[in-house]
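Every chain is named by a letter (A, B, C and D) in the order it is written, and numbering of its residues begins at 1.
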Amino acid sequence: KEKPVLFSGPCAVESFDICMEIGSTVKKEAEKNGFSYVFKASFDKANRTSSGSFRGIGMDKSLEVLQRVGKELGVPLVTDIHESYQAAEVAEVADVLQIPAFLCRQTDLLLAAGKTGKAIKIKRGQFMAPEDMQYAVDKVRSTGNENVCLTERGFSLGYHNLVVDMRSLPTMRQFAPVVFDITHSVQQPGGQGGSSGGQREFAPFLARAAAATGVDGFFIETHPEPAKALSDGPNMIPLNRMPDFLQMLKECWEMGRKYAAFKIE
Amino acid sequence: KEKPVLFSGPCAVESFDICMEIGSTVKKEAEKNGFSYVFKASFDKANRTSSGSFRGIGMDKSLEVLQRVGKELGVPLVTDIHESYQAAEVAEVADVLQIPAFLCRQTDLLLAAGKTGKAIKIKRGQFMAPEDMQYAVDKVRSTGNENVCLTERGFSLGYHNLVVDMRSLPTMRQFAPVVFDITHSVQQPGGQGGSSGGQREFAPFLARAAAATGVDGFFIETHPEPAKALSDGPNMIPLNRMPDFLQMLKECWEMGRKYAAFKIE
Amino acid sequence: KEKPVLFSGPCAVESFDICMEIGSTVKKEAEKNGFSYVFKASFDKANRTSSGSFRGIGMDKSLEVLQRVGKELGVPLVTDIHESYQAAEVAEVADVLQIPAFLCRQTDLLLAAGKTGKAIKIKRGQFMAPEDMQYAVDKVRSTGNENVCLTERGFSLGYHNLVVDMRSLPTMRQFAPVVFDITHSVQQPGGQGGSSGGQREFAPFLARAAAATGVDGFFIETHPEPAKALSDGPNMIPLNRMPDFLQMLKECWEMGRKYAAFKIE
Amino acid sequence: KEKPVLFSGPCAVESFDICMEIGSTVKKEAEKNGFSYVFKASFDKANRTSSGSFRGIGMDKSLEVLQRVGKELGVPLVTDIHESYQAAEVAEVADVLQIPAFLCRQTDLLLAAGKTGKAIKIKRGQFMAPEDMQYAVDKVRSTGNENVCLTERGFSLGYHNLVVDMRSLPTMRQFAPVVFDITHSVQQPGGQGGSSGGQREFAPFLARAAAATGVDGFFIETHPEPAKALSDGPNMIPLNRMPDFLQMLKECWEMGRKYAAFKIE
């Protein structure tokens, strides 16, 4: 039976303990609600608004932590890469390589990712028309790797604001599976001086909307104490809300799936 | 038990017969699916892109047809007004006065509408931030008329394109009930030379998204032969698809309602 | 010899004295710098964000003041109309009827304005693609009135923000003369709670840009004490800066005119 | 005496001969009109919409050609880098390293570029608020390299369209010199199936607008036969129009400079 995929974890690999706390909680709830779970954490926050912000505990140390987390939890891992030289090394640890939104047109990065043979998850650029993501998918597929999905996370609606155009979901599903990124869709780029802000209060609304529209999976960053998370705190879902959140999400996803074949021409 | 409102009918009062054909079909399906039905038709298409387009069969004749349709079907009526002098006259026939999106800041029109004591339905301007619709509501309420609702129909995302920002639904529901306009949300302003185009194929997706997000009602234009409709054909739902459409819509609306109190802070 | 037109005055007809103070100063400077001057003031602020804001001293009284100002200064007058019934009455006083941006698609208003035989100045809607303004012009021309010009005042770039797309100037000049509205182009719609804000500091930059791009005239609201102006204060040019401003503007306009025929194909 | 900088050349290093043809012509005209000339060509088109498009003749060969062109013409060179490993190698040939717009938030790339000690030219992302470019500049400066400038090339105005917000020029000049990119500002991203389109016909208008607004330099791609250029053809200036174009540009730039200190507060 088909299941939605859930990519979830903290934003960054803050420490082994925090990764395990988050991963074990989310894994349990994902299973209970019928999601296929993939643990997510970034080994490097490579495009922070300002260079004064936390970037991570280092690539080697982060990958080591990720690998331990994956083994202990028995779940696949997703993490993002930023330059093509990272693809092969990260692919030794991660099962899914994520291409950041700003980088979705970097041909070398897409090719290097594709060549690893791992699953590739490309985020839609905040500046890309939905139909143009076809070309990003094609770049990966040109390496012989057919295992590629897209992620919706909002388009620039003026300065310091993103809008999720729900039309992008069916448009992009014409050429690849689509994941809805609940966390970054409520981000406010650069909206807080030297860092990005967020509107976590809109997350349940956009999550229901995307699920009912129809998607193949979800991406959610979560933390036991979002206010203390080292990045993306303002748009994260608190860990203790994940059980209810996932239950709601699954129910709405079933609705979207039920009507997937409903077409008006 | 609370029911969602359904505002639906042809775009314009083309003729008594077509109004009755549409109205009787939609009424039956609305009742079957638990919607509160309000028949909609415009007596004048006052802001067509180009002056060569069909505007209507005249205000007096249209209002007369509307009144007969309302009486025969036993349903309330909604129609839009464009200048303040029309408010009192139209209020003798219509139960709900609709303020067009371009006119949502025209103080005289809002006040004249409010003073009729009828229910007032204000469409969000394609240029208005959701929270600024508070002021339009306040203008109507300043007349002592508390019976006012808002309608979402998309915001300008560049030229010839509208995007529905689902965040606008919970934002506007903080100060008034909100109707989702399925038909105009998939309009492409001026996108076809001298008239507006549309993307009817996205209607079911946006409809499910808005319903699951949470709204108080829906607006749908429908026609037995959209290609022959005298306006808005490209974004209308064909009449023979309304039964299935309404069933899907109601189910998604129940979902939005079930989770209406789900908040993340 | 061809001259640029300058539409300028206070935002609203606050009083005869203030109109004369502003009009006489601007007239002198306009003449000195080679502009064709048209005195501007609104008799009604019909679309204020909030109904608590100042709307004017009344239509009759305002028109009377306007007429006296025009006579005393010996200059033509421009003022805006909001509903079609106002066209004929206002045309007895004003030489140019201005159609507000939100109303640029209201067919009745455009036709009523056109039928007066006066010059018609249509502001581009914040939601209209530049090329679609052709249809607004055509509506006026359908009355036999060829004396119509357009005005650029910014397009919605997300919420609470407008952007001037300088490409709109040559695009719209293909079918009508174009005026650049320096004051409303730096408006921030609804950006200050219940009223619109403004960024007067950008006015000289956008003014130079539009003048060098090439336009047929300018629109500037000015006031001896912008902070005390009854509307649009934050985006007005202080009256004592008008002499320098107009000199700069004329020089840049000459530049735009010099290169008007410079085309790349 | 202060001179505007002109970054100009073909889009890509197509061949030594074409680079010399373009470079020698532009150099002569730049000198005649009082620009400081920097030859531009990309060694790799790393973010083409589609992977089927021309990417270049290879990094090593391109850098060798660039170096010969610089030496023969006696002019400095600018070229862009896409991943941090390229910074040091490219810095051996180029005098200015350009950071592509999509990459303007990649911390590693900015730091690697800054550490070379070369001049760094950062293009504003199509998704970045002008004031947020401060952080990109600060990242470069954190390496001790103060020689950094910014480039304006348009912001996403909906899908397949960019708008130049002239307000960004004075905003960004508060923290770094600003170059106006005439060629990419008239690009239409992804607007032609698998490649980007362009509107070269708007180039002279936007060029005059930006020059009169006030900038420190210009970026222009040119080619003897734009229709045969291996990328960006639709938005290039034909080489035989450069003499007139540069003369116009310089005159408008003088205007912007004359009024640089004109402020309204």
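Heads up, the rule we're going with is that a contact is a pair of C-beta atoms (placed from the backbone, for glycine too) under 8 Å apart; a residue touches a chain by one contact, two chains touch by 3 or more.
Note that the structure is a prediction, hence the values are computed from the model and not measured.
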Please identify the chain with the largest separation between its CA centroid and the CA centroid of chain A.
C
If over half the contact pairs have to be identical by residue number, which pair among A-D, B-D or B-C is the repeat of A-C?
B-D
Chain centre separation in whole Å, for chain D relative to chain A (CA means)
33
Could you put a whole-Å number on the gap between the CA centroids of chain B and chain D?
48
Measuring centre to centre with CA averages, how many angstrom lie between chain C and chain D?
36
Multi-partner residues of chain C (each touching 2 or more other chains)
155-157, 159
Would you mind writing out the residues of chain A in touch with chain D in their complex?
46-51, 55, 82-85, 102-103, 105-108, 110-111, 125-132, 135, 138-139, 142, 155-156, 159-160, 189-190, 194
Tell me, which parts of chain D touch chain B in their complex?
156-159, 161
The residues of chain B that touch chain A in their complex are 155, 157, 163-167, 169-170, 199-206, 208-214, 237-238, 241, 244-245, 248, 251-252, 255-256, 259, 262-265
